[in-house]
Structures are given as structure tokens and as C-alpha cells.
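We call the chains A, B, C and D, going by the order they appear; numbering starts again at 1 in every chain.
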């Protein structure tokens, strides 16, 4: 609580505030597994499903990359290496909790039920990719960095207003935490007691700008301290740590209607987008280290250790994914081209008459000209000037 | 330092971050004085001058209030009760350090050398009140809340760029810390290592909105933790604590070129502005308590204890201030009315021709009409339509 | 019927809609116990409680961004921005999100919010408390923009805005807030968005205006002694250009009046449309009476900046004499 | 002389001015080692070092607000905003501060900054990477607004902007970035702000345009087979309306072309001014070819949204046939 205006003033040097932040790692890149925290966290059957989901996302990522390179899709931001954070959140949360994402959360969105072709269509330059059914409680891919967290605040507030138990979980990168809107969202949620999980995917880079330009503090988690939020830092490539943290955060948030801050330390193994060339600004050595920390590898190794997985299951999976994803691509590419006037159709609940006129005359008349108002004989190619 | 992308990941629960924030009080409202911190902080002669400065500001405040009430000035934000923070800063800092203020820092501005009539003229609706000589290194009163801290960041960066030792000290209220620009300024300064003191005057209210709606964390000082800044909380009505904190902050900032965060706990004893009626939203009991904590009272009591002051000095002072301030009011009111076209004159380094035309014809022609372009006979009251 | 000023008429509309529809919630700086700095939300906090009339942190982008989320979830938030000069920080959320969500998601999400914004000069306020940014928001497709000039219109337009399922920027001319009272029905009624009002009929010339300037236009018309038709646009987008066309087709001359700076102001759009639609009837160029292309001066000179009946009178003369 | 595209011409202007004047510093997202996402600042970080070419945190308001402070202190910051769609968060600092500081302080402080902003559509980019918000900034008194359409102009205009002591918004049409090369002198030269360029002369009709649309206009003119005068405004504020007037006085017909939405776009201002100045000469209403009053669609349909030579040709025909 922000001090009340009437509290006593105590002299001369006292401690006004004191805190510390925990860091959680359960399954690390060397295969170490912490039983105390990890034991009953994810049942084996679920672990396999989660691994399959990460693999599917990874597969799609590679396909999308090729689609872009062969001119069949526009700029695409690869998710490779960052599958675990959004997946773990989608796994823990209920279908009525909002997922308010950016563009590296494909894995969580697919888990929630967003069709792969929706994501593809979005990056193929088609708004229909965003027409995601409301009952999935996902918001569209957010292009302006740092802006979507405020929508999460509003969405979660609406649940609270209606006395529904649902919360929102919003994702954003390290770069996004530099935007003013990030601050306003955290502050709004903390002070008005709105149940939002602020989930930062710290992947150390915002395009070419290194993390220390976004935050020179020891952790990004401590951003949350500014708002009096509980904060936690986790290994974001560790699906167990993600699930642990989101369970803890969701329980807190649901019970108190107050926000929670998670920093997941992760890494994007690919370029920022297909328009980027990361070799211009980061060392391959760094990338190589993080390849060892890949969330898929350690999960697969654990599954093998637990006898849940083997090479033939792996190749079956890859084969199945190959087919499923080819089908998704076919659906995305097969959709009928939008009508050339389609961008008029969703502007307002009811199209204003001037927009109707613009739509109807767009290929026949100058913009300002209502055909019915032209003087007789005008606008006919052969007419002479009056 | 924001973790490097190559550090090891340590398991399972570790401490990612740990901190605490000090609170400083040296001269409290009961007259207690902490010798260990306060001893040589402010020489007696300076203490008297500081007290006189606070008294002058208070006097002006009362006069300004009356000017507004009698229709001789527009809306005015009283400073009463908040004299110490900006004064202490102006006292510690050099004339080349920037003071980037809001509107409750009159006392510091006067100490720096800003003429009283400038402030009066500003609130009398006259831009000439902002034509403050550059060598005072003060920026104009900032109307949009939370925006000026970014200017401080740029001003201090320019000093650093030129290898000058100057820093900036920027003031803002508790409400201002909710704006995105506040966050962006702190973050910019911290990560690019720009020497700015962020000085928050926490007066518990932003117009009618109580502090806990702006910050529900235990302190406002901890906003600084988000950026890895050193932060401190002080009794803002204690001129010694202010001087102590600003000295510490300025030394750090100058030496490291990194920012520092100060939260000064204070209170506005008057309404938000003359357009406000604080009785609508806050208890008189709260105000009464803070009247006891008035920075002037405790300073005067200490001076008396130290035999630096007595009632006759006080009445001499009041008499002198009465005259000085009457003269300042006379200067502010006596200035010739601005020319009716004056608002054209400072728009650009060179006035574009269209603006010259607008200025010249503003009382004679319609806006779009260049007299030279009118058809013969047009625009003459008696002419007939063509 | 009650004799109300603009503040009271808006307050009445808000309280009636809140009564009728519990999806309507008010949020903003000082809108709660304080009733807003102009007292427009006075009494609503006491009546509807702190869950429906909510004081927020001091952050305009946050207020609009959060309202977008509330609206996406199906509520009908009515954020207040304290002065038009502080709408700037919310520009991005309004234009990049509120205006685009419906088309972005092909209607899966809509943003039925009404942002209330006091606007304009003439009240001796400090800097950035007297501007007129309406053209900025009219230029942004996906928004609707409203500016009433009278208590009666304000109530009917606000109720329409609150029931509209698209984002509406509802500008309230400060200069009119307490300028006069008129009869305002107690019962709810709506005035459709996108329909202008013919304030008075005439044959010699048409004046098009909106907001506080409408009053200056009425004064100028009275002084002119001419037969002048005055159109109050009321809604700036969608704009009732048909009403303007009908009038100018009759009068053949037009003056447009607004407080915002001339260049890029809505007067330009109206003039361009009149030219497109009434080219052959027009006897004189459309005259624009507007703020100059300067910063709105501090209040000592604000009346020299703002269109007044003298300047409007000059334009009437120029148009008639052309 | 070298044969350069727009990206290279801007890069050359930046490096020459940085060489000449150490008050010039570049700041923004990815402008350093990466050379900007369009590679406009390529090589400058290596050449001038990290104190003069500075990667900033990801915050557009912060970039502009900090630049204002730098400029107030006498430096000449050249902030880059990565795409025009992300200029929104900086709207408030630009319009409430940069544009107002000189008049606010009666010249005690000036804000000589040049914000570079890639603008416009046609490059198959994602949402909010293809808009044209120039009218917004032209409507704000105190700013200057520039948009070159060719490498030669870009270099000369940018040098003028960098030497100007007022804030300039310098829009760079993305569609032109690598569209063609032309001869650009190695030596420094300036093109004055506020002066239009007559791209080609003609007698039947005048086209006014700027930025990437100028190229579509040239195509349309070629196809039309008419004698058409094309004016590239180059600077949008202050606008060279004298050049437009001179041309339309001669041709009596005019088409204005821009990518931004029709309503409230600069086409309206130009049309209104032509009416004011050439009323008696005008043989047809000024035709506007512009983006529609909708959100710029995702790239599958962007070419249907943007003015192309067919739509410009239609307007030419309509204007000539009127």
C-alpha cells in the first residue's frame, strides 16, 4: 500500500522497502530435473502432448519460413526456440481466460485451438486470419509493440466487473517493456486490482537492439516491483518452470484479483523476422549456446528417460505433422481471394452512405464524384468541357 | 546489468534479485534534528536564506491566489506546503544543471533566478512569462503531466555528449508517475546512462485522485527499481533531508552519468488549483495534520532554537516580501498588452508567406483570400456578385 | 422537460443510460467523487458506485487502451479525457486499435466505446486546454466524431453514441458548457449520428459550423441582416454532406466556420466536397473562417485567434460580394 | 555524381551532414549496427561511432521527447521512427511540445529536430506498416512536413531539414526506397523547404501530388496522351500553393493524388485553396484521387486501395470531360 497521507514520519534512516525475486528452473538444459518442484506438475500423458505441440509449432515455423522465401507469404516472425512460454500458459489456463498475445505465441494459440491456417493467413496479408472465434478468448496478433497489454487489462477488468472468475494472460517481449503502454497497463492493473498475468518473454533482443538497452537492471522481473506486483523469473525454455509459474500466478491472480509478473528467460533461435538478418548484430557463438538450451531437446530427452518416447515415435510424429501442416497451408492458400472491395465491409456496424458510394464507384468514377450529381454529359470520355 | 544471453542457468529456486530502499528524515515536524546526518549539511547563514526563500514563495502564493479570486489572473496552482523539494534541489545544484519542472516548483525556480513576474505572467495567460533566459537553465512550466521528464533526459544527454559535467533534475508529482512518458524517461536515462535526477513530489493527490490509484506499491521510490536506479525516499517537508538526498544523488549522477530516483513525501496544503475545491474529496483532518508538518514551521523553529531568528526578523521579512511581491505583481500587470497579432511571431524561425498573409489580413479579409487575388471589385461591401 | 445547460444535459444522458444498461461504465481522471473537473459526472459516483464510475491512474493511453479491452469484452466504457490537449497520448490507442479492431478481426471484435473530451477555447484556460483537434480524428477511418453545440442536441447525440457499436469521439465544447440553458426532455431520446441540423433557414448564403462556433455564427447572422441558412453539422464523421449540398445548391454561397487551424481543418474537406457537388451552382468560393495556422495563444489573445462574429461577418460579406 | 536510390541518397545526406556538423546525431530503434530496418543508416554507426548513432529503447514517445531535450540544448537530433504506423505514440510529444516550444517560450528555446519516418504502402508489409498520416502533422502548426519522391530531391531536402531550426517531419516513401536510381551529386546541395517542383509541364490539366504517388501520376500522364503539368509538392508544410495556383491558372483543371484517406486528407486543403485562388478560372471541380475512407487493407488488397494510374487516369478524364 502506497503510504497513507496520515502515517507518522520516522527518523532518521529507516528502511522504506525491501524485497527479493525468485528464479525458477526445474528441467534444465543438462537434463537435471528438480523433483521437489517438478514432481506432479505435468502428468506424463500431458508431457507428451505438450512436446507434440511444441514440435508442431516448430514444424509450422519452418514451413512458414520456406513459404516466405519462395514468395508465397509476406514477412513472418519465427517462433523457433520460444515455444514453451505461451504453451505452458495455454496449458494451465482455462479456455475462458484471455490470451492476449503478440506474435511469438503461436504455440499457445494452437494449443488453445486457433487454426494454423489463421496464423498463416494473417502473414499472407489477409485479415481473415484474424477472424478468430470469440469463444477461444484470444485477441488478434498485435503489431504495434507494447500496446496489447492494455487490452488485457480491459478484458480482465470486464471479467471482474461481471464477477466471472476469468483472468487474462498477456505476452510481450523485452523490447515491449520499454513502451509507455507497458507501464500504464501494469500500473492500471495493480492499482485498480485487475487480474492480469503480465508475461514477459525476455529473448535478449528486440530486433538488433540488445536487452541491456531495454533494461539495464539485473532482471526484467523487477519491472513488476514498481507496481507492487509479485514477480518471478523463470527459465522460459523449461516447460516445467513455465507451468509452475503460471499455476502460481493464476492462483494468485484469481484469488486476489491482482496482477502478477513473470519474466521468462528465453531466446529466439531464428532471425527477428524473415526480413531480418541477425548475423549483422549477434554472434553465432551465442546462438550456438542457446541451441543447446532448446526447449524441445530437453523435453524429448526427459520423455526418453521416462520411456515415453523413442525415435520411431518421433518419426511418426514428424510424418503426421508434415501432413497436417501441408493441409493447413493448403487451406490458407486455397481460400478464395477477397473481393476487391472487401476492405469496406467491416469498417462500421452500418456503412455510412459516403463509404457505400466510394465502394460502388471505386472503379468507375473519381472519388469525390457522385455519379448522380454529375452534370448531364459529364464524365463521359467523349464529352467536351462545359 | 540485464543478464547476458550467455550466463549459466542455475537451479531450481535461486534469488534473482534483492534490494532495499532507505528513508531519510533529518529535521522532523516535532523539531527533532538528527546530528549525524544533518550536522554540516546546511550552514546557518544558508539556512536563513533558504527559510526566507520559502517564505517568499509562500507569500507569492497567497498573493497569486488573491489575484485569481479578484479576476486579475487565470487558474493558478498553489505551491503551499511544497516549498522545500525544489528549493533544496536548486540550492544544491549548480546554475548549469538543468531544472526541468512542472508547476509546483516556484520556490526552486525563484532561487535559481527566475523572476516572480515571469511565473505570474504565465498564469495571466501571457507566453512572455516563459521567455526565461537560457542561462538560467530552466525549462518552461510543463502543462501536460508527465511529459517534461523526457526533455530532461535529452538535456542531460546533450551535456554528456559535450563532455560537460552538468546534470538535469526533473520534478513531477505522484500522478505523473502513471504516465507512459515517465516510464520511458526513466528507462531511457537508465539504459543509455544519462545523468538525470528523477525527483518525485509525492503529495498524495493528483487533483482528487488519491495516491493509491497512482501507485499501490508501498513506496513510490521503488518505481526506480524497475530501471536499476538507486532510489531513496525522504521527508519532502524537511529541507535538510532534501539537501542530503540531492547532494547524494547529484554526486552519484555526476560521477557515473547514471540516473537517481528521489521520492519526497510532501503535501499540498491548498486546493489543486484555484479551479479546484479539495473539500469535495479530502478530509480536513488530513489537511490539519499536514499543517503541523509545514516545512516553514519546523525550519523557523530550528532557526529560533539556534538563535538565528526571532519575531522581529520575521516581521521585517514579511514587510520586505510584501513590497517585493507587490512590485513583481506591478511588473506583471504593467507590461504592455501583446500586439493582437503577436501569436504569429514565434511560430517559425522564418514566417512562411501564408502565415504572413494571414497575419496581415486577419482583420480585413476572409482567411483564404489573398487580397491581391480577388477579382476586381470583389470584397468591397457594395460590389455585386459576378 | 427541464431547463438545462450542456453539462447538465450530458450528465442526464449518462445517468439515464447507466440506469438502462449496466454495460455502461465511466472511467477517467477525477470522474469519481470529484464529478470531473467540469462536474459533468457529478453525482454519478454516489448513485452508481465505484465499480461503475471509476477514477483511474493519470494516463490517457491507459484509459483508452483499457477501455478498448473493456469494449472488446462487451462492455460499453465511457472514458473521459480531461481536456482535448491530453488526448494526444491516447492518439495511438484510438487510431491504431479502437478504429481498426472491427476491420482487423472481420467483426469478431468490436469496440463500442464513447470517449468524452471537452474541447475548444474561450474559457481563459491555460495552455493545451483550448485546442480543437477534431480534424485529426475525422481523418482516421473507423472512428465516429461528434460535437454538439447545445444541451438538447448533446443529450440526444450522446445517447446515440453510447448505443452505437463503433468507437465514438464525443467532443464537448467547453465554451458552451454553462453558456446557456434550454429545454431538454426528461425522457430519453436519440438524435441520429450523421445528421446535421438546420439551425435557421435562409436564401442568400449557407454557413456550416459545429460546436461552440455555432453561437458566434448566430450572432454574425443576426448582425448581417441577410437571409442566411445555418447548418450545425453535429456529427463530423459520418458527415451530413447531403444537408450541406442541399443548402448550398439553394444559396450558391457558403462560409465554413471552425476554431481549429485553417490548414488541414475540416473546413477544407467541406469546401472540397461543396466544390465537387455544387460546382456549377457556386457563385463564390467557399469562405473559411477558422483558427489561424498558429498555436492557439495563451488566453490574453485567445479571442483574437478564435473566429468571432466580426470575422464571420467579413466572410459573409466577402462571399456575398464576390 | 553517383547513381543512387532513395535509401542511398538519404544515407549520403546524413553522413555528409554528420561530417560537417557534430551537433547532428542519429537515434532510434535499430539505427546502429543494424543500419536501420531499411538500411538507411547503414555504415553510419561504424563511421561515426556509438555516441552519434545511438540505438535507443523501444519507445517512440521517448525517442521524440528525448530528441526535444537534445534539440533544446542546441544539438540537432535526427530521430528515426521505424514505420509511420509507430509514430502514433510520439504524436503527443511532437504536437504538444516540439511544435510549440518556440512560440511557448517566445524563442528562448527552439527544437531543431528532423524526425525521419518511412511512410506509405505498396511493399507487402504487415498491418500498420503502410499508412500515410501526413495530413495529421500538416494540421499541427509549428511543424514542417516534407516528403520527397526521388533520390535527388531527398538529399537536397534532407540537408535543408537538418539545417532548419524548426522541427521537421521527414517522410520517406518506402515504395520509392529502392524503386529506381538517379544521378545525385556527391557535393552537398540544398533544396529549399516550401518549394514545389514542376515534374513536367502541360496545358490541359494540373496534377498535384507528393511521395510515391508521383510515380503513379507519371504513368497515368504517359497513358493519357494529354498535355498535363505535374507538380510534386515535396514540402507539405509550408505548402507551395503559389506554384499550384500558377499552374491551375493556366490549365483550369486539377487532380490531386495521395495515398492517405480522402476525408481530411491534404487533397481537401489543396482543393479548397485552388477554389479560393482560381475560382474564376476553374473549368471543373478539383478531382481527388486518394485512399478510400477505410483502414488500409492488409497487403492482399493494398493495390486496390492505393491510387494507381488507372484511377488517376479516370480522374483526368473526369476533369477534362466536365
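A few remarks follow.
Keep in mind that, in the parts below, a contact is a pair of C-beta atoms (placed from the backbone, for glycine too) under 8 Å apart; a residue touches a chain by one contact, two chains touch by 3 or more.
Just so we're clear, the structure is a prediction, and the values are computed from it rather than from any experiment.
Inter-chain contacts peak for the pair A-B, counting C-beta pairs in contact.
One finds 34 Å separating the Cα centroids of chain A and chain D.
With centres taken as mean Cα positions, chain B sits 40 Å from chain A. Shared interface positions of chain B, i.e. residues touching 2 or more other chains, are given as 127, 144, 178-181, 184, 187, 191-192, 213-214, 343, 347, 354-355, 368-369, 375, 386.
Counting only residues that touch two or more partner chains, chain D has 56-57, 59, 61-62, 85, 88-89, 92, 96, 103-104, 127-128, 141-142, 237, 239, 263, 272, 276, 284-285, 288, 292-295, 322.
In terms of inter-chain touching, the protein chains here all touch one another pairwise.
Chain D contributes residues 25, 51, 54, 56-57, 59, 61-62, 65-75, 77, 89, 92-93, 96-97, 101-110, 141-142, 144, 164-166, 194, 237-239, 241-242, 245, 272-273, 276-277, 280 to its touches with chain B in the complex. On the side of chain A, the complex with chain C involves touching residues 127-128, 130-134, 139-140, 144, 147, 150-159, 161, 180-181, 184-185, 187-188, 191-192, 343, 346-349, 352-355, 368-370, 373, 375, 386. Looking at the complex, you find that chain A touches chain D at residues 74-75, 122-127, 143-146, 175-176, 178-181, 206-209, 213-214, 275-276, 280-281, 337-338, 340-344, 347, 354-355, 358-359, 362, 364-369, 374-375, 378-386. Residue ranges of chain C in contact with chain D, taken from their complex: 61, 85, 88-89, 91-92, 95-96, 99-100, 103-104, 127-128, 135-136, 138-139, 141-142, 237, 239, 260-261, 263-269, 271-272, 275-276, 279, 284-286, 288, 292-295, 322. Residues of chain D touching chain A in their complex: 29-30, 32-35, 37, 55-59, 61-62, 85-86, 88-89, 124-129, 255, 262-263, 283-285, 287-290, 292-302, 304-305, 311, 314-315, 317-322.
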